[in-house]
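Okay, handing you the structure first.
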Amino acid sequence: MSQDGAQEADHAGFKYNRRVYFVETDMAGIVHFSTYFRYMEEAEHALWRAAGLQVANIEKTGGWPRVSASFDYKSPLRFDDEFEVAVRIGNVTRRSFRYDFTFTRGDVLVGSGSITAVCSTKEGGRLRAVDVPQEMIARLRTAAGQ
Amino acid sequence: MSQDGAQEADHAGFKYNRRVYFVETDMAGIVHFSTYFRYMEEAEHALWRAAGLQVANIEKTGGWPRVSASFDYKSPLRFDDEFEVAVRIGNVTRRSFRYDFTFTRGDVLVGSGSITAVCSTKEGGRLRAVDVPQEMIARLRTAAGQ
Amino acid sequence: MSQDGAQEADHAGFKYNRRVYFVETDMAGIVHFSTYFRYMEEAEHALWRAAGLQVANIEKTGGWPRVSASFDYKSPLRFDDEFEVAVRIGNVTRRSFRYDFTFTRGDVLVGSGSITAVCSTKEGGRLRAVDVPQEMIARLRTAAGQ
Amino acid sequence: MSQDGAQEADHAGFKYNRRVYFVETDMAGIVHFSTYFRYMEEAEHALWRAAGLQVANIEKTGGWPRVSASFDYKSPLRFDDEFEVAVRIGNVTRRSFRYDFTFTRGDVLVGSGSITAVCSTKEGGRLRAVDVPQEMIARLRTAAGQ
């Protein structure tokens, strides 16, 4: 059975399981290519929960604005498919860090992607970039089994 | 050519024109039934702009929370279809008012729906219901040709 | 922990549990009103799976086209909220049937809604309304604890 | 006024104009990062229409499956913002081609992205990669002012 929530992690990263909803398909009969970016964010937030971090602290962080996002498509997902997203923390710079995602459906590689987010605080309604909190990265890495 | 924005109004109401995007279809080859609720909101906001009203005053109004929404489906929309949404102001009570929408594609009735919104202000982060501003309703009615 | 999938049923209906995704919120800080229609469909499909029915038989059924859908909003959902959707089979006519949904977050009533679907087959690319299969309704009712 | 549809092209590419819908914002008050991928596809399809090409020939082409997609975010879009997407045909290989997109709001650079699509035909329900039709690429380039 597919479960939506925190899963165990191994060396391949933190695992997030999901089932494709009907609305996520398009008239080509497959999941729309933009939806994979939503799946990546879901997996990111599941990782935050597993790390015991406050995922929704928007007022203070401005929501970790994205710098870039990309996805490489290998095999399409279809309605009701159950798939797994493995998340790992990738490259960390002074003010940004990257998530790397691998999507599989059973033994089939669905695709892989990444999101780079910048660390920021909200001051007087405006975002200001800040240094990546090392403690936070450490906890995310641990939750990802790294 | 389809245009996205303010249109003229006649006795049938304010007109909003739209073209179906690919992502709005599902694997059944038609526009997903939830999308019509998004189209209704787009038409609502186009009416606000036509009425010269501040559509995005979320900080003060809390976004006119919805009390109810419904849609009756008659004929499906498909990718690239151009359609028209006619909006009218329906029943107005002390603290809420209703929009009525009719969707057509050429001569074909696509469906009809309605949204009831409550008037509110944001005070200390919490929403409080307030009386419907009569001036606002008057301007929306005028823009809808009523 | 929130789980996405088949749940037990009691007299209140079949239960579907879900967590709010970030993308489902809007700038008012709450779940967009159109999203509840997607949640209802998710719960519908979870009920089909629980009933052992083929949920994705689009080629033959045309996807059970919706005749109408409505929702009454009581209390908003926010990011990361866990909520439960109870589904029951409502009114059944010769060629259509209704699902009734109740949304709760803990003890709080979030809202309630319904979807009426028509039974159909696809013949030569066109949909044709057919009588509601009694066997199917019986299985859905059983899965809903009715 | 913002218009949704075919626009003129200059050396910077074919221009597609759009206004941000309310549902496209998230609780951070800005357009969700996944939405830019939908905007890119809208601009792609507007280019197809401008080129006089059959945009929806899904039965035959399988919908030009995406190989990869990416976006770099520079400045956020907010509700009701009017913005412009410039599209150009980028790198063309034997069996795939790339669209390059630049998003601007007035003089502000919103971001830029690309989509690589593979050419395919549908045979017996399965997709098969085919050589890029040179005639089609020529028409898209012309419509993009290249």
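Per-chain numbering from 1; labels A, B, C and D assigned in written order.
In this text, contacts are C-beta pairs under 8 Å (C-beta built on N, C-alpha and C of every residue); 3 or more make two chains touch, one makes a residue touch a chain.
Remember, predicted model here, so these are calculated numbers, not experimental data.
When each chain is reduced to the average of its Cα atoms, C sits farthest from subunit D. By the residue-number overlap criterion, the interface of subunit C with subunit D counts as same, with over half of its numbers used by both chains. In terms of their C-alpha centroids, the spacing between subunit C and subunit D amounts to 34 Å.
Subunit A and subunit D have Cα centroids lying 24 Å from one another. Among the residues of subunit D, those touching two or more other chains are numbered 22-23, 26-27, 30, 34, 38, 41, 58, 79. Chain contact summary for the complex, subunit A toward subunit D: residues 26-28, 30, 33-35, 37-38, 41, 58, 62-63, 65-73, 76, 115. In the complex of the two chains, the subunit B residues touching subunit A come out as 22-23, 25-27, 29-30, 32, 34, 78-79. Taken together, the subunit A residues at the contact with subunit C in this complex read 1-6, 18-19, 21-23, 38, 41-42, 45, 55-56, 58, 79-80.
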